[in-house]
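Next, two complexes with subunit A in common: one pairs it with subunit B, the other with subunit C.
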Partner chain A sequence: MRVRTSLVRVWAYASMALVLAALVFLFGYVFWQGKDVITWEFLSTAPSGSVLGSEGGIWPAIVGSLCFTLTAVVLGAIPAIATALYLVFYCRSRRLQSAIHLVIQNIAGIPSIVLGLFAYSLLVREFAWGRCVLSAGVALAIMVLPFIEVRAEKAFRELPDALVQSACALGCSKLYTIRTIVLPACRGELVSGVILGACYAMGATAPLMFTGGVAYASLPASLTKPAMALPLHLYLLLAQGTSMPQAYGTAFVLMVIVLVSNALATGYARRRNRTWKQP
Partner chain B sequence: MEAAVTLRSVSAFYDGKPALEQISLSFPRNRITAVLGPSGCGKSTLLRAVNRMLEEEPGAAVQGQILLGGNDVQKIPVEELRRRVGLVFQTPTPFPFSIYKNMTFALRYYGIREKVKLEAAVREKLEMAGLYNEVRQELNKSALKLSGGQQQRLCIARALTVEPEVLLLDEPCSALDVKSIATIEAMLTALKKRYTIVLVTHNIAQARRIADEVAFFNDGRLVETGEKELLFDRPQQEETRAFLSGVYG
Partner chain C sequence: MRTIGNFLFSNLIKLLTLLTVLSLAFVLIFIVQEALPAFSETSLTAFLFGQRWMPMDYGNGVSFGIGNFIAGTLAVSALAILIALLIGVGAAVFLSCAVSENARSLLYPLIDLLAGIPSVIYGFIGLCVLVKLFQRLGIAGSGHSVLTAAILLAVMLLPFLVSSCSETMLKIRRRYLPAASALGISYWHTVAHVVLPLSARNILLSVILATGRAMGETMAVMMVMGNANLFPTLLGKGETIASLIALEMGTAAAGSTHYHALYAAGLVLLVILLAINTGIALLRRRLLRQEGA
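Right, the complex of A and B next:
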């Protein structure tokens, strides 16, 4: 029995070490390959060179990525959190709950390139919005909606029933209870869910390839203008064989932004939890 | 004796399965009625049916008529009903705010903003709950830092801030120590002068100590009801006798 316990422990430690090593190796490798191009200039200038992108930086792509992500998060998080609130606090029919869950699971299962195609044919062509931040933002918003909804719903369901019921038992409306008890209590999880959704959107290439991301553009001036994005820039650098070090540099910057955002999200959620659940 | 709440043939169901069957019962005004019975006999369901919390649970349904002061609760707007019928839960549920903010939570909802009025209400209700002297210096302290007994008294005081007519208490002492239980029982006895109290409990001794009326439930049925002395000293039903003598429960 003791041997078995030790074996399980060794297996667990080894697995953990393997996962950690994979992450460190991935970061290390990408950084090593791109280290020569990662400079302040790389971060703060536009692409240049005889073949555009072979020299210069990725500033427009960083700003573009942030614009796409912000649009997606604003358009996706609001309906996602509202859906979660409805499911947990208003919907009494189990059948309707199951139907909504089925829809959300199905949206989560749609391949992102299909979302790109949908947004392209409906928004870019049919509605004639053209390739712009908004068209791509909508495609990305549909992609992150289930991601945020699932996390928000989980946070709401984990709140003690009695806490919410106590407020309702005082004769306060559900809306007041949600505003004053539910949302502040779940703020940590909600913010972290939204940031993680943003990371997910930031790494996606397929939904914005035909809808808003273009090969080389200046900084986006409005929602109706196209923009560059880090993953698309990376894809083009690779696909056209423009510059491998530039591609690795871009990949490293993208990974750092996502990792830092993830860490911030986790840290924030933990801190909020501490203040709300302190004995 | 005038009834504050009257139940006429009330049945409750979870997913079609009966949890309460044809309950007809009344809670007399300014008295403590103990709803007694073993765990799972439908006591809490009964309370939630009265303030219409039960209807909000998926799959739950209520039949029959419940009257509050002669008016059908279905015809009273649900928020008004819940303001008039307070409910305190088994485990203390302080909101994760300060003591003061807990006490003014509902008052602010009802639009009371003047500091003088808020402070007077906080003081009066905390005094009623016998908590004011213990917390008067630290009203801005987090309510989560109070002891279990203090938290429960805060929850009762909070329920009183909206001036309910009836106070429903769902096993309010089951998670507390002996000293806190004694304090809460003394408080409830004092509160009945102003409020009608319905106390759900499976604790026979507690019902014996503070109740005026007792309703004994088993398996979702009202087995027997009457004044405390009568029910405890001369129970009419075999089930009640068995429960009181500790055969089950």
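Right, the complex of A and C next:
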């Protein structure tokens, strides 16, 4: 009996130490290896060199990644937050609620590569949009949709009942309650959910491999053109063995984006404002 | 004016919710539609259990069998989940039972941070560190193996396992700790003999969900598993369904049997995951009802 108790304790401490060590190692390794590659020139120029990508920078990939992410977040967050609002404030039927939950869980379960296949067959070929930012953006949007919905719904449900009920008792309409009470009170969680969703979309490679991401392109001029993306660029640099330093630099930039967006999201979620502001 | 606004808004919300629901249907319909033509060329059993994947005719005819890829997907996911379980549940015990509320609110964002790292970065570090390490130790020849991929995948699954397990453990600890300490049972004894056994069922559910995620993971696994059409062995190379699609989709001519077969492989993966997620959702509902009663 005693042995088991102390074993569990040791096991818990050791496991946590291992998890933290993995985290520190992952960031430390990339930052250490990539720190010498990062110069202003690397960040602000296009790939060049005899084998394209062996020299020069990653500027088009940074801009491309931003375009993909922005498209995905705009297309994904709006239905996600609407679904969360519907489930919490509009849907009265328990059965319908659990059916929608089931659907959302299943969307979350679709492997990202299958989303890529879907976007390729429907958007790239059937709709003849071709490989472009928009096609990949739709695939990424479906990927982040459940991610944002779950966080938004959790925020709405954690709102104190008294807040919403008082508004109803005062005769406020649903729209007015949502606009002036629910959304402002949940702003921290909503924004942080969207930022984390953006971060998730930014790091995805598989859905854009054959729907809109390309090895080399100039700065994306419109949504109907293909673009470069950081994770895909990193993968191609490695797969084609183009250049290790460039790969370390790209990974460095990706990790900085992950770190910054997570810090932002955490900071924002903490700034919750659940009580009435006294005038 | 007010009623019109409300009417429009509630319908907009309903429309967008419908769109969310329909997106799943669209994905399913289009994957099935593109997958079906493949079965005019091969039978379902030959496709699922065949071990020969020859999309180009080099004199021996073409054949599409994804048996090895299915086995590879299952093997690497199962192995990864075993490793992740060992560490993940331990870390969940730590987070839910060993630290104060303040420390917990500091540690959770770190776990989220681990979850936020893109899979291509995991693959990259796997290539630079794990594969090199395996090479130097002389295990698994080139260093690319099912085991390498499983270790990497385990790290990727950790944050998911840790956060879902620690959440249930925290609930259970809060419910039973007062009673246990009133009986004079020591804290860690309660954790080991009450909290852990009671969370077992929930841990099992999280494990199955995590296995689903592992099966859909593409980039990291593809970069370190070696990608050879072999039956997976611990130190041998292997290939997963997701890698197969990612690697060959670029070269498959649109509309060819090869192209349709890749969609069929995607469909197999999709069906497995839909079954897992639906099964878990139903099980969880039943579990909640039992706990409520």
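Going forward, the second predicted complex is superposed on the first by the 252 of 279 C-alpha atoms of A that agree within 3 Å, B and C clash if a C-alpha of one lies under 4 Å from a C-alpha of the other, contacts with A are read in each partner's own complex, and residues count from 1 in each chain.
Basically, a contact is a pair of C-beta atoms (placed from the backbone, for glycine too) under 8 Å apart; a residue touches a chain by one contact, two chains touch by 3 or more.
Here the structure is a predicted model, which is why all the values come from computation and not from measurement.
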Give one of first, second, both or neither to describe whether A:Arg125 is in contact with subunit B, with subunit C, with both, or with none. second
Now for A:Tyr200: first (subunit B), second (subunit C), both, or neither, which partner does it touch? second
Would you check which partner chain A:Ala61 touches, where first means subunit B only, second means subunit C only, and both and neither mean what they say? neither
Should A:Leu140 be classified as contacting the first partner (subunit B), the second (subunit C), both, or neither? neither
Using the superposition on chain A described above, determine whether A:Leu102 touches subunit B (first), subunit C (second), both, or neither. second
Between subunit B and subunit C, more residues of subunit A are touched by C
Looking at A:Ala155 after the superposition, I want to know if it touches subunit B, subunit C, both of them or none. Which is it: first, second, both, neither? neither
Touching A:Val37 in the superposition: subunit B (first), subunit C (second), both, neither? neither
With the two complexes superposed on chain A, say which partner A:Leu20 touches: subunit B (first), subunit C (second), both, or neither. second
Between subunit B (first) and subunit C (second), which does A:Arg94 come into contact with in this model arrangement: first, second, both, or neither? first
Show which residues of subunit A both subunit B and subunit C reach, each in its own complex. 173, 176
Any idea which subunit B residues touch subunit A in the complex? 51, 53, 56-59, 79-84, 86-87, 89-91, 93, 95-96, 105-106, 109-110, 142, 144-145, 155, 158-159, 161-162
The answer for subunit A against subunit B in the complex is residues 91-94, 97, 160, 162-163, 165-173, 176, 180-181, 185, 275-279
In their shared complex, subunit C is touched by residues of subunit A numbered 1, 4-9, 11-16, 18-20, 22-23, 26, 29-30, 33, 78-80, 82-83, 85-87, 90, 98, 100-118, 120-122, 125-126, 142, 145, 149, 173-176, 178, 196, 199-200, 202-206, 209-210, 231-232, 234-235, 238-239, 247, 251, 254-255, 258-259, 261-262, 265-266
List the residues on subunit C that touch subunit A in their complex, please. 2-3, 5-6, 9-10, 12-14, 16-17, 19-21, 23-24, 26-27, 30-31, 33-34, 86-91, 93-95, 97-98, 107, 109-114, 116-125, 127-129, 155, 158, 162, 186, 188-189, 191-193, 196, 212-213, 215-219, 223, 242, 245-246, 249-250, 254, 262-263, 266, 269-270, 273-274, 276-278, 280-281, 285
